[in-house]
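Each structure below appears as structure tokens.
What follows is a pair of complexes built around subunit A, which joins subunit B in one and subunit C in the other.
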Partner chain A sequence: MAKSVLVDLTRCIGCRGCQVACKEWNERDARKTTFKGDFTNPAKLNSDTYTNIKFVETAEKNNVGWSFIKNQCMHCREPACAAACPVGALTKTAQGPVSYDYDRCIGCRYCMVACPFDIPKYEWESTSPWVQKCTFCSERMNDGMLPACIKTCPTETMYLDDYDKIVAEAKMRIAKEPNKYVQHIYGLNEAGGTNWLYISDIPFDKLGFKKGIPNESLPNYTWSVLSSIPEKVVGIVAFLGAVAYFRGRGSKEEGN
Partner chain B sequence: MSAQNNKQAVLSGGAWVALLLVVAMIGAAIYRLSAGLGAVTNLNDDVPWGLWIGVDVLAGVALAAGGFTIAATVYIFNMKNYKPIARAAVLTAFVGYVIVSIGIFFDIGKPMTLWHPLVMWQPHSIMFEVVMCVVIYTAVLALEFAGPFLEGTGSPAAKTMTSRKVMVPLAIAAVTLSFLHQSSLGALFLLMPAKLNHLWWTTMLPYNFFISAIAAGLAMVSVEYIIASSIFKHECSMDILRGMAKGTAITLLVYFVFRVGDIMIKGNMGLMAEGSAGMLFVVEMLLVLIPMVLLFINSSSAKTAGAIFIPQLLVLAGVILNRMDVLFLVQIREGATYSPTIIEIIITAGLIAAIVLAYRVAAIKLPIASSAQADK
Partner chain C sequence: MTNHWIDIRNSDVILIMGSNAAENHPISFKWVLEAKEKGATLISVDPRFTRTSAKADIYAPLRSGSDIPFIGGLINYIIQNNLYHEDYVRLYTNAPFLLNENFKMPGELDGVFSGYDAKNRKYDKKAWAFQKDAEGVVIKDETMKNQYSVFQLLKKHFSRYDIDSVSEISGTPKDLLEKVYKTYASTGKPDRVATIMYAMGWTQHTVGTQNIRAMAIVQLLLGNIGRAGGGVNALRGESNVQGSTDHCLLFHILPGYLKTPSASETTLQEYNDKWTPTTKEPNSANWWGNYPKYSVSLLKAHYGDNAIKNNDFGYNWLPKLDNGQNASWLMIFHEMMQGKFKGFFAWGQNPACSGSNANKVRSAMAKLDWMVNVNLFDNETGSFWRGPGVNPADVKTEVFFLPCCASMEKEGSITNSGRWAQWRYKAQDPQGQSLPDSEMINDLFFRVKSLYEKEGGAYPDPITKLAWDYGPKDASGKVTEVDTHLIAKEINGYFLEDTEIKGKLYKKGTLVPSFAFLQADGSTSSGNWLYCNSYTEKGNMMARRSQEDPTGTGLYPEWSWCWPVNRRIIYNRASVDEYGNPWDPKRPVIKWNGKKWEGDVPDGGWPPLKNPDGTDNPKAMKAYIMKPAGVAHIFGPGRADGPFPDHYEPLECPIQENPFNKSHRINPTAKLFFEEGKEEDIFYTCDIRYPYVCTTYRVTEHWQTGVMTRHQPWQLEMVPQLFVELSEELAAEMSIKNGDKLKVKSGRGEVIAVAAVTTRFKPFKIMGSTVHQIGLPWCFGWQYPEDGSGGDSANLLTPTIGDANTMIPETKAFMVGLEKI
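Presenting the complex of A and B:
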């Protein structure tokens, strides 16, 4: 059963311990940042930053407040990036993570364009660049440890378990406190479902979560094209062969 | 034997300019390969695909579609009156695909791993399919071009390589492979229904790409035929130009009905009124409708090549705009900025110049051009 994570946004206090733990475990360099008018820092994910906490000011029910949003790869159940990759560098593993094989990647960057959540980032400064994104700490999980961000979180904002149990837990929390939570589990249906699921006390579109992501599996769109290639080839060749035969009857060789 | 060599010095006038651009490109390419992709381009995490993917690959492949279209017309549909342009069309496509491959080599982050898709198969990836089709089709084009090449060298094998029993199967392979990868360049974007404006995104996108590529291919062959006739000073057959004008116009009509009909059926016409994307769509459609009307009129009445030249150029502009729209609209997000660096522009310009030069060398050294009447 694939591992999955429930992110309960109501629990996050914005300490950014997860950001630091992620950088430490994955040995990613720090980058110089500048004040951009809000407290999200770094402002965006980049090839050295697999996760960040977005600071969003909200004004719900006349209460001005902060929301803190843990942002990283959603580890889609049917990832568009893996369907995009021409060399199979990105793959969905049975354990849950969408993993990246450094030795295969050619740097076409189709995964970056295809990802509905804009997660994969590129090492633009390198002469031999790789794609970088959250690994779900797959090697830690294989050794029976929690992902670094979850391990370090002081408020248990994130909860790791098998997918079915995570979905049940999310539903249970929402049902238990219907006045606290919005009735939406982000990631349950988005892009055909993700292994990271979110629940929140503020509507997700007000927190900058991507809107309009279809609920179907994105790879189905391209697979329906690819899987019908054999029939198309047979059809086209048969048709053109017949045309060439009938149109060519009686035309003798002219040495061109 | 009607095909003949053009008698002219390889380097003269404009060819020197092209050569200069190619030399500049080689310098820029060495810089690109040593300094890395990020250092020489303005590509970034928000806009990972830029000028090279847009012009060198998406537009380049569409404009090279004349190769399979004319091969099909002459060898499959057996319309022999188009034979005088068949070799030029195949030559353009062959040179075009080689240059597209070089463009991809510069664009990928690790150029030395360009061969990976050939051994690391991923049949669930549209990009993998495109790569395979392009590689195989380039080989088919090389075989199609072997005839003129062997003739040029005086080899006895030339007769076999230009015979119908070789050219007909090659033309069938060319159409099949072209259908697959021309449409799949559109299918690349099927993964992004939430990112691409629905005036462009539709499950019909692969077919839109294929049909518009046929129009672009015919337009490109026409434009090139007119220019080559003027440069090499041989007669330009108005029959051929008018026939291709009609073919382009019919293709544009099919494209327009198919594309707009699909948008209407899906109830997305309202998006036309929204912002700059709506404007771009209107311009794209004007660049379909205006040349379509002009080409329909001129396909029966045009007496000079000029009357066909301008509308065919408009067709090219429309298809190039379409590919750029798809490429950049899919990458629109908050804070995204991109404009190509001078290095990106030099490499793209140099690749285009390389196509022109290679075409010119082949047209002078090999029996490519046919006089308009000889083949009747």
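Presenting the complex of A and C:
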């Protein structure tokens, strides 16, 4: 059973311990930034920043509000990046993480195009660039440790467990306090389901979560076409073969 | 804190005011959220909607500097609606005490209490005396209906804080005031409890102490002190500042909150007599009556065998203050500015950024002959001589930089806000040439001592007679390596002779089990009586790591150690009724089982006030053992600015007149620094150049002035430079956009900051006018990042004035102007 994480946005206090713990564990650098008017910094994920907290001011419940959203690879159940990768550098592991093998990567960046959440980042400045994204701390989990972000979090915003336990927990929390949570688990169906799920007290579209992501795994879209190719190829070949046979029969008699 | 961090999870209502705990004490939110999961209501009151407000059930805005009206309104609400815990108030506070019949209050005296001396800006506190009988016992009215009773005076005083008046002065909408008051006051019932989490947002005002007093009064009225989930909880601003105040690194106190002697206390007897309270009140433990045991034990710790009865145990080797001398932080730089200091140790601090009116602080440093800056990194203080606008050629100060190592590079203890002292271990050796502070002090001591011994001096004994047994010594007697365990043991204290107490023999040289065993005859030593019990013959109590919690209320009695004597919730004898039964059986702290107390360490082992048959127990002691009369102070006769809190505006404020006290706009006892002709302490109030209320605060990502965190690239990446938060409305008025560069200026200085236009500040309606408030963090300094891109310290704006009792600078409310650049 794949490991999953439930991110309960009502618990996050925006301390960004997760952002720093991730950098420390993964030995990522810091970049020179400027303050642009809101606290989200770096403003977007990059090859040195696998996770960040987005600060969003909302006026949803009272006339003022502030939400803090943890942003990182969603570790989709059927990842588009893995399907798009021509060399199998990205793979969905049985343990849950979508993992990246830099040895196989050819730098085509199809994964960046394919990802509906805009997650994989590229080391543009490097002469031997890798794709960089959250690893779900698979090496830590294999050693029985929590991912760095989850271990650091002071308020237990993230809860790690097997996938079906996470789904059950999400449903239970929403059912227990229906006036507190919006009636939606983000990641349950989006992109065919992800291993990082979110529940929230503010509607997801007000928090900048990507809208319009289909409730089907993206590989499925191409799969419905791709999977029918063998039959179609065989069918077309057989049909054309039959046509050729019938046509060929006539010409043989004429030539006599 | 009267309680502790984990205990917060036991509250029904949590008020976070004068604090942004989610931002600055993020780990505490583990406990706050746990309380919320159990149904608690979180209230955030703050001029700005913060990361704490984001998690609150109720958010109420208020203008910086209007906390006393806000809380005063709550006191009024509690009394008018009879929501106080009457038995608690009657039994455990001085509410029934009668004041002398001449006592008058600001409502009648236009802004001051009886006894005010306008010329000297101080009170003669004899005017606040209680009525006493022929034996000297205070006359009380247990019904609390007598017009001279503290309770009736309290009611009358706070009747001026009706909701309309409060709303006018604070800018908080009336419906929100009602909501907050109703929710909080619901905990006056014995089985409900509330706590307050506060920090610098309350203390850093000219009325800071009275802000806290107001809340203490609320908690006493509601019967919340001594209770699990209750208390008055100060969130300390540094991981070991509680340790530093316990060991009294402040001019006016000695370790264990003893008093620094003054020049007129020429003998130990006079000193002890002055500070040892006496009482005629029956059944009062008057624990500070043990003062001489602690002062003499301290002297024995300092001077060892050199301290004997004949020389007053070395009392005259202690430095003394001139009578009435104020040697507080603001005074240091005030006098330094006048050239009165030759040298200055800036030890583990960055005053060039942390000091209020930082321009004055920086200029003052140039008057020194020498400075020693001890820190992990170079900073604005050690490099003041090459700061912006300073020509190094003009500065004659010789500056020494001593690199010190970080906390994980040495062994020792820290004490957290909850009074829990935890032993910490060394993770790695100090880097490069850096040294632990203890080694530096050790080295310094022996060099100074040796110079005194060779050359003499004005008064060598205070140094040369010190006992200094902190490690193995070389042939010359110098300690070669400091062992912090030896320091910790000295702090705990030793029996200096074989001593018999209650039939048991304690051998000379053994550690004293607790401060109850300390003596005034020189037979015991203790470097800090509060910490006596922390390192005993049973071992280092601070190093304990047991996760057992027998009571289930989060006391964890064997996880580290706390003072006093591991009592986790202080004043806990007020958590029970007269028979020793908890007011709240679901969350008991202690309980009398007929023979002794169970639960937390009781605030003294004496039996409950009443016997099971309802008669008074003569062996009982009243609950508030640290007060001479044994009861908590609703009427506070010891504060410089009045026995009850009252509203005074900050030094710089947006209104001409204080509607509560028309003749006294500001605290009538706050020390004024400004002198005509000396512009450095100038202040402006109701000046069109400085029309906005300004406050300063912290961010999670940076630490204090940022000396450590600006050097951490991951931290700087998240919050890279100084910003100023302002409302969308103010931004629209001034055509300011998010990300614009602004100049923020006050009467004393200016800084450049990036505009953060936000919905989280909104304009206030104060006394009928619109008042805007803005705020900035104070974690930046010109020295690093070296290109200056971080900006400089917000303290370049703040004023030279402090609280009337503590002198803590008023950095939370002052007036500024804004300019686009």
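Definition applied: the second predicted complex is superposed on the first by the 229 of 256 C-alpha atoms of A that agree within 3 Å, B and C clash if a C-alpha of one lies under 4 Å from a C-alpha of the other, contacts with A are read in each partner's own complex, and residues count from 1 in each chain.
The working rule: a contact is a pair of C-beta atoms (placed from the backbone, for glycine too) under 8 Å apart; a residue touches a chain by one contact, two chains touch by 3 or more.
The shown structure was predicted, so the numbers you read here are calculated from the model rather than taken from an experiment.
*Asks:* In the superposed arrangement, which partner chain does A:59 touch: subunit B (first), subunit C (second), both, or neither?
*Replies:* second
*Asks:* Quick one: classify A:144 as touching subunit B (first), subunit C (second), both or neither.
*Replies:* neither
*Asks:* Which partner chains sit in contact with A:108 here, subunit B, subunit C, both or neither? Use first/second/both/neither.
*Replies:* Only subunit B; A:108 stays clear of subunit C.
*Asks:* Per the contact definition in the header, classify A:230: touching subunit B only (first), subunit C only (second), both, or neither.
*Replies:* A:230 sits against neither subunit B nor subunit C.
*Asks:* Does subunit B (first) or subunit C (second) touch A:210, or do both, or does neither?
*Replies:* The first partner, subunit B, only.
*Asks:* For A:86, select first, second, both or neither according to whether it touches subunit B, subunit C, the two together, or no partner.
*Replies:* The first partner, subunit B, only.
*Asks:* For A:38, select first, second, both or neither according to whether it touches subunit B, subunit C, the two together, or no partner.
*Replies:* The second partner, subunit C, only.
*Asks:* Who contacts more of subunit A, subunit B or subunit C?
*Replies:* Greater contact footprint in residues on subunit A: B.
*Asks:* Per the definitions at the top, what is the overlap between the subunit A residues touching subunit B and those touching subunit C?
*Replies:* Of subunit A, no residue contacts subunit B in one complex and subunit C in the other.
*Asks:* In the complex formed with subunit B, which residues of subunit A make contact?
*Replies:* 44-47, 80, 82-88, 104-110, 112-114, 116, 118, 121-130, 210, 212-214, 218-219, 221-226, 229, 232-233, 236-237, 240-241, 243-244, 247-248, 251, 253, 255-256
*Asks:* Within their complex, state which residues of subunit C touch subunit A.
*Replies:* Against subunit A, the touching part of subunit C is residues 22-23, 26-27, 29-30, 33, 49-55, 59, 700-701, 713-723, 737-739, 754-760, 762, 789.
*Asks:* Spell out the part of subunit A that touches subunit C in their complex, as residue ranges.
*Replies:* Interface residues on subunit A, with respect to subunit C: 10-11, 13-17, 19-20, 23-24, 29-39, 41-42, 57, 59, 62, 64-68, 154-156.
*Asks:* For subunit B, which residues count as touching subunit A in their complex?
*Replies:* Residues 1, 34-39, 43-46, 48-49, 72, 75-78, 80, 83, 107-110, 113-114, 116-117, 120-131, 147, 159, 162-164, 167-168, 171-172, 175-176, 179-180, 183-184, 187-188, 190-195, 203, 206, 330-331, 333 of subunit B touch subunit A in their complex.
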